[in-house]
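Two complexes, one shared chain (chain A), two partners (chain B, chain C).
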Partner chain A sequence: MLLITCPHCGPRPELEFVHGGEAHIARPAQPEALNAEEWTEYLYMRANPKGLHAERWRHLHGCARFFNALRDTTTDQFVVTYKTGEARPDLKGPAA
Partner chain B sequence: MQKFSAFELFKQGLNGQAGWKPQWRSPEPKAAYDAVIIGGGGHGLGAAYYLAKQHGMRNIAVLEKGWLGGGNTGRNTTIIRSNYLFDESAGLYDHSVKLWEGLSQELNYNVMFSQRGVMMLAHTVHDVQVFKRHVHANRANGVDNEWLSPEEAKAYCPPLNISDNMRYPVLGAALQRRGGTARHDAVAWGYARAADDLGVDIIENCEVTGIRRNAAGAVEAVETTKGLIRTPKIGVSAAGHTSVVLGMAGVRLPLESYPLQALVSEPIKPVFPCVVMSNTIHAYISQSDKGELVIGAGTDIYTSYTQRGGLHISQHTLEAICELFPAFRRMRMLRNWGGIVDVTPDRSPIVAKTPVPGLYVNCGWGTGGFKATPGAAHTLAWTIAKDEPHPINAPFTIERFRDGHLIDEAAAAAVAH
Partner chain C sequence: MADLMTNAPSMARHVLRGRLEALLAAEGALGFALPREACRSASLNDAHALWLGPDEWLILSAPEAGLGDRLEGAMGAHPHSLVEVTDRQVGLVVSGIEAEAVLSVGCPLDLDQAAFPIGMCTRTVLSKAEIVLWRTGPETFHLEVWRSFAAYLRAFLTASAVVPVAD
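The block that comes next holds the complex of A and B.
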């Protein structure tokens, strides 16, 4: 079980969290302006990287708030967690 | 090829079993091939076999970064069934079951396909409605599936607990009698041996690290840890690593890779006659011919490439198993492992051409592609050879996500193997 550091509550066991998928996928500002390709990209296409992954988590059984994390998908190690709305920290991943 | 038969076994016995030869060669890669398959799991090896056998493409190679069947092929719980909801799925999965039925003969290799029946338990009113809908849809598609009462389910699988004081009581079950299991490694080895016999080069410990494209954008070569290999056609069958491999050609996919775990118990005498699955409480169980109980869980909650996953996921599954089969409470578990499964948003696979000329992909099988090994291999080979899909895999494109033609088995079943 992973130990995950909620930026609001500190380190807590994985059981208190749910995974929210890839982070920084913003809802289109002007949905009506998107064509089918752009909708596909927004709704379905994912980076799925082997290495550093920016992803959303939700501390469901705690403060219930969403936050973001950079995690290395080759080790499952959390490199950093940060609050929603903050920019992705500029880090080079161990496995890129 | 040295044929396997009772007579051959007897003959070799007279000779102290010393006359058996390796089942396939271990060649160095050539500088160029007519087609290259990336990934030496059952799907990739099978595709190479059908390319050679049915389409006469014999100057081809399978490149595997580790050992044959070391990916999900060798890590799965081997459940085979075809009772999926939608017409497209019934077509693809039942095509596979029909190929499984003749596979040992076709390959002269005992893949130990055993049609012992797959029983899916219903625990809620919603489950009952969904499964009955499946039974009707399957019958309309000529796929066998029948509804059982709790008592009939227990008669089919005596260790099952059908008492009504359980957290999730058994309200009935859907049974596909043609479903069952097969020997996972044998599928990879059988296809490898038969493909090798037709001239296919099977190259292990050869990781693809890059895909080169020509000025027109079409594929022209793969970069590997054993050097550059030229080829006009590439079929990718890399399961959990598909996003990584297609990323080498600049293609993005609607995939996410998750750990999926399984475990086996110590071996015991035959006690468990069939396969039982419970999607609602995330547990799957059968007994291997070695006697181990083979138990599968749901995926972990986060994406990963670690082939591990958390212990609490297995624990949750074992709790469900112990409630459904109280007789197994004191069993000891022998091994626990994980594989990386590539999951699509609609939980249906992609077997298709890609936007890059000469590049074909077979992926998105997620938690349930072992059952489809022969069908996926057969239709991928067709697609590569003819540069167009077989009618059976034609709906399973990447473009279905753009065009809204999802084959939404996810909504139909929540989770499934």
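The block that comes next holds the complex of A and C.
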């Protein structure tokens, strides 16, 4: 079973976690000032990279906290996990 | 099998969440420090605090002790969340030489004492149900499960216990 390292609890089985989409997407400070295209960009447009992807995960059946992870989308390897609020680690993917 | 699984004694249950000032006040009412280390518990007499998350604890206590009221009174001035969940969940005690093996049928955590020592506690999954798993002795585990899953978990544990376990 795939192990995911929760920044609070350490390495834990995959089935305790749920995926929460791409990380570091800040809600616009003034949503009412956005036009339709900008709102669409915020709501729907995602990077979808081949390689390292920063994404939110939640240790739902554990400490229940959200955290962020860098995962390689080509190998499904979790390269690093870090707490919500911390900056994305400056890492290159294994193949990059 | 008869003694593999028993119902835990009746207890009061509260889920506590809060920041430092509230936690310090709660500790005054508890009489002991809330465990700050992940997945660890602390106890004094019949009161137990189980770490569930960085700002979240499950407090178990004797029903007649009135701990909930004392916690609420102590923390009143500080923002916090104290939710009584006494009747939301039930406690099961799984004990005996096969306890580790039987739980491992449905729980993917490493339950060896080196990895899951006495006093360790965590939310996790057992088969298809979420539980709080707490090791209280070398061969004893306390499980907290939401009430509506209890019959399912009892059946699961009973079935798991009759699967031949290699020695």
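Keep in mind that, in the parts below, the second predicted complex is superposed on the first by the 93 of 96 C-alpha atoms of A that agree within 3 Å, B and C clash if a C-alpha of one lies under 4 Å from a C-alpha of the other, contacts with A are read in each partner's own complex, and residues count from 1 in each chain.
FYI, a contact is a pair of C-beta atoms (placed from the backbone, for glycine too) under 8 Å apart; a residue touches a chain by one contact, two chains touch by 3 or more.
Bear in mind that the values here come from a model prediction, so they are computed numbers and not experimental data.
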{"item": "Clash or fit, chain B versus chain C on superposed chain A", "value": "fit"}
{"item": "Touched partner set for A:36, first chain B, second chain C, both or neither", "value": "first"}
{"item": "Vertex chain A, arms to chain B and chain C (CA centres, degrees, nearest 10)", "value": "110"}
{"item": "In the superposition, chain B vs chain C on chain A residues touched", "value": "B"}
{"item": "Which superposed partner A:75 touches (first chain B, second chain C, both, neither)", "value": "first"}
{"item": "Which superposed partner A:86 touches (first chain B, second chain C, both, neither)", "value": "neither"}
{"item": "First (chain B), second (chain C), both or neither touched by A:12", "value": "second"}
{"item": "First (chain B), second (chain C), both or neither touched by A:53", "value": "first"}
{"item": "First, second, both or neither for A:1, with chain B first and chain C second", "value": "both"}
{"item": "Partner chain in contact with A:62 - chain B first, chain C second, else both or neither", "value": "second"}
{"item": "Contacts of A:21 with chain B and chain C, given as first, second, both or neither", "value": "first"}
{"item": "Nearest Cα pair across chain B and chain C, whole Å", "value": "10"}
{"item": "Footprint overlap on chain A, where chain B in one structure and chain C in the other make contact", "value": "1, 15"}
{"item": "Residues of chain A defined as touching chain B within the complex", "value": "1-2, 14-15, 17-19, 21, 36-37, 39-41, 43-50, 53, 55, 71, 73-76"}
{"item": "Contact footprint of chain A on chain C as seen in their complex", "value": "38-39, 52-54, 56, 108-109, 122-125, 130"}
{"item": "Contact footprint of chain C on chain A as seen in their complex", "value": "1, 8-10, 12-13, 15-16, 61-65"}
{"item": "Chain A-touching residues of chain B, taken from the complex the two chains share", "value": "241, 243-244, 252-257, 301-306, 308, 310-312, 345, 401-403"}
